[in-house]
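Across the two complexes that follow, subunit A remains constant while its partner is subunit B and subsequently subunit C.
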Partner chain A sequence: MCKESHAIHPILSLVYSLLLFVMGLLFVKQVWFWLYLITFLILFLLFRFEKIIIKTIPFILIFGLIMAGLTIINGNKSDVLYAFYRVLALGLASILSISIKPINLVRAFNQLNIPRWISLGLLIVIRFIQIFREEMRQIRQAITLRGIRFIETPILWGRAFFIPLIIRVLSISEGLAISLETRGFSTEVDGSSFEIICFKRRDLVFSCIFIACLTFYIYLFFRRF
Partner chain B sequence: MKKIEFKAFTIKDIVFLAVITAVTLLASGPIAPLVMTVTKLGAQAFAMALPFALFTSIGLRKVEKSGSLTIIGIFSGLVLLLMAPVMFFNQLIASLLSESLALILFKSYENKKAILFSAGLFSFFTIPTTAVVNILAKGRTITEQVGNPITFILFVLGAAALGLLGAFIGNKISNELAKAGKL
Partner chain C sequence: MSFALEIKNLSLSYDLTEGKSDNLTQIKSDELTEIKSDADKQWIFKDLNFQIESGEFILVAGPSGCGKSSLMNAINGVIPNLKKAHVRGDIYIQGKRITDGTVRERTKLVGSVFQNPREQIIFDEVSDEIVFPMENLGKSPRKMREKLTALLKMTGLVANSKTATLSGGEKQKLITACTLAMEQKILLLDEPLANMDANSAIELLTLLRKLAKQEDYTVVLIEHRQELVLPYVDRVFSCVKSDLENVDMKIEIWENIKEYQTYLCVIPQQKKWTAEIATNDKDAETIFSVKNMTYHIDNCLLFNNFSWQVKRGEEWVILGENGCGKTTLLKLLIGFEKPSEGSISSLFNKRKKRKKIGYVLQNPDYQLFMPRVKDELYLNSKSREFVEQLIDLFGFDKMLERHPLSLSEGQKRKLGFACIIANEPEILFLDEPTVGLDTDSLEQLLCGLRLLKQKSDKDLTVLSVSHDKRAIPYLGNKFLTLSKFT
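Take a look at the complex of A and B:
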């Protein structure tokens, strides 16, 4: 059964994010680049992406300033500006991709008959990045408590960090594999899904406006040739 | 003559490769944003070489099956697709190139040199893909991307050297774990 939600279809979000990023990089040197950014920001606001935009803005601004700062070292004024614009293009594209719920992406992949190992692997990677961030923090804490410092004894620090980390990787992956096998997961059998990801009217409206706006900017870009 | 063998991947293999990809991405996470928008060709590969080679070599030691590196490339590429879409192609093509070359030369991952070569040169092989992507997406010529030739050569050699060093350290860690009966 289709579930009602404000999110855009995950595959559409992924494709449009890719388009926005590539086109953003192409348009970076155009005088109307700001207009391009504002147009799609308004579109995202209309489609209720405001929470993600608010979350992304500080990161993009800080990251953009760092990039611009690094470009000052061996670039001129316009290079600095373009470096900042590139980060803005990345930020714009990331709004769509951040909005995708990993589980919905996996469900959409399953509906498209993408091999199960790909969707399963993707889900594990996304989930375990957060788990291992905590594991790494705990290992680093243990190293600090033992008085081992990277600057004084880098080899000992390396051993104290990597060996426990890999042992955790091995034990977690073995436990997870057993758990998946006992639940009937296999690389050879097709899976079923509790929820169906549908293409809704909202997706159609978003697609129409998105493609119309993008076509307009592509026209503006190629008009100069 | 020995042929390249392709064995089926079990759920255990896939899970381990996915988990090792998560750790690889996490380890390279602090460096990635700093070099992501650097315009000089080879800078990203240079920065990513060590963490990528270290963890992928451990992954290949555990799952010694042809195609393991490509699977790591697909997983990391799919995650990066959500952040920087072009990186998907970068990761996929680099892993394919690196693994194909290693398997053509050494036939299987039973030979540790194959693991050293495959994992070590993974980042190095992202350089040609990055160059092509920059030409197609950003319209930047090779000369523009290379900039100072000496810096470029240093980046390329550094990416290969750091990659091989990372793979060597990864193999050392794997040896210790194998001795302890954990791998």
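Take a look at the complex of A and C:
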């Protein structure tokens, strides 16, 4: 049975995300770069990615400003602008990749007979980033609860942050490894899929518009040569 | 006749060092090396022998850190395949020798539920977590759907809930459901009830009993909350201190549960501590005031128009089923979470005043970071004398120079608690402080709490979250029961 979902097929999302990033990097020096960004943002809004866009914007703006700030040290005005644009290109590409549900990506890979150690490895990496973020939050809270402040005792604060973080990361890695082994995960056996991740009409419509827009910008880019 | 599980002369040691160099080690005989290692090594257990028949429900009981989990890990193959240790002897499952088998091979026969469920969750949705082991075993989608529905009904979990937002008890239910989904006929469960509320624990125990009696499952359960488990089990394997000098524990098998219950009643530690009912001053100042608070997480409503007051010197125990928001309430009071609507006022909002709050977390690993147990205890402590009292009470004197994170889970939990109370807080938050603690450790913890109360001249305010019936009467005299919104 094929699952109903608003998301785009995970493999398409992954491929389009990479394309958007690479093309974005190529287009940063074009006068129409803003148009490129706006076109795909409108496409994403049409396909109900608004929540992810809202969540992504603050991170991209902060990261973009940091990168632009670092470029000021050695670069001129246009270099600073291009550094900021590169981060915007990354942000645009990340909207699609963030929308991927990791388990659906694994299932889609399995359906394409991609080895399970690759798909599961990818899944663990994606999950580990989320776990890592949560662990850092918990440790910061624990430090506050023991009354340690960075301003007063920076070395102690560093110790209180990094030692539990290392221990937790090691402990979680071990826990996940044991969890995988004791739940019958094997690279030698194919296993089955609870849900079939299939291509839908929505994917087709999205792909047609996406490819048309991207082709148009590629044409604009190469026309000047 | 073959047993479901048979252990023959099983020995385990974490001491992996070779023997001291002398003339004997020059001879490269396996037998001689073995004899020499035996003399040198400290064994967790040595030459264990027991058999368990199909359909039996076994309780493994014993003090924290005695080696119960190590025994379980030696059976399911985590030791020595994933955790290094020296294992000797034979393990038979349904008559088949599996001593040299990998974890994956043993997993086909034995299902395992480990401690620390948080570290074992792989996926971000409940349904994905439960179907994952079934996918690995190649089950059909129809069969997976049926099993998933049954397990969700049994655990009360919601299929599309985010695993990150589950409470400790719900995570434990989830991990147990994952193991049950695999349908192995032998189940090893390491403290699966630790964070569960009484109703959920009874539901799980009833299910395990039913599986054992009606479907011939063999269940081996490690648990400290014996009063809850004993009515359901057929035999008790009690881990006690070994008579041998270089061996930590041995197993005493109790065939008669009533005799074992009688034995538990006569052991002296059960009667050492007594409840102190504090008399609260009605005119005491209000420390926390919650007014018409509403709080929801991921569209799940936890508090709706909730109001509550905590006065100085009061001792509250927050009760309620798993996932009803007990820990969240503590976090709201301390300011780590913000209410969606309404307000919380606190006397300790300012950063400087926050130092007067002590918070014992569910997981002690987050609060231990100093190089030695001694440093951890003296960090921010107010009185050297009080710390010495705590060292004496908790028996830390022999481990003062050790790294805190090298201690066993039970010892870490006690150390985490001791470090917080050594700061002599005015308000103490205890989040499931007794999880995984045996009766002796529980007694130490409650004595520590009493010492702190004496020191604070009954001015100490305590807010505890607990499911542990052994401890609840001693943690407070006022009770707040939360329930889930349906």
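Convention: the second predicted complex is superposed on the first by the 170 of 225 C-alpha atoms of A that agree within 3 Å, B and C clash if a C-alpha of one lies under 4 Å from a C-alpha of the other, contacts with A are read in each partner's own complex, and residues count from 1 in each chain.
The rule we apply is simple: a residue touches a chain if its C-beta (ideal position, glycine included) is under 8 Å from a C-beta of that chain, and two chains touch if they have at least 3 such contacts.
Treat the numbers as computed from the prediction; the structure is a model and nothing was measured.
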| item | value |
| --- | --- |
| Touching partner for A:I163 - first (subunit B), second (subunit C), both, neither | both |
| Touching partner for A:G147 - first (subunit B), second (subunit C), both, neither | second |
| Which superposed partner A:E174 touches (first subunit B, second subunit C, both, neither) | both |
| Subunit B versus subunit C as contact partner of A:L14, first or second or both or neither | first |
| Touching partner for A:I124 - first (subunit B), second (subunit C), both, neither | both |
| Partner chain in contact with A:S78 - subunit B first, subunit C second, else both or neither | neither |
| Touching partner for A:Q111 - first (subunit B), second (subunit C), both, neither | neither |
| First, second, both or neither for A:G184, with subunit B first and subunit C second | second |
| First, second, both or neither for A:I139, with subunit B first and subunit C second | second |
| Doubly contacted subunit A residues - partners subunit C and subunit B | 124, 127, 163, 167, 172, 174, 176-177, 180-181, 185-186 |
| Residues on subunit B engaged by subunit A in the complex (per definition of touch) | 8-12, 14-23, 25-26, 33-34, 36-39, 54, 58, 62, 71, 74-76, 78-79, 81-86, 137-139, 169, 173, 176-177, 182-183 |
| Contact footprint of subunit C on subunit A as seen in their complex | 1, 101-103, 123-124, 127, 130, 134, 138-139, 141-142, 144-147, 149, 159-160, 163-164, 167-168, 171-172, 174-186, 189-195 |
| Complex contact set, residues of subunit A against subunit B | 14, 17-18, 21-22, 25-26, 28, 63, 66-67, 70-71, 79, 83, 86-87, 90, 93-94, 97-98, 100, 117-118, 120-122, 124-129, 131-133, 136, 158, 162-163, 165-167, 169-170, 172-174, 176-177, 180-181, 185-188 |
| Subunit A contact footprint on subunit C (complex, rising order) | 76, 78, 81-83, 103-104, 107-108, 111-112, 114, 116, 118-125, 128, 131-141, 144-145, 148, 164, 178-179, 182, 334, 336, 351, 354-355, 357-359, 361, 363, 365-370, 379-380, 405, 419-420, 423 |
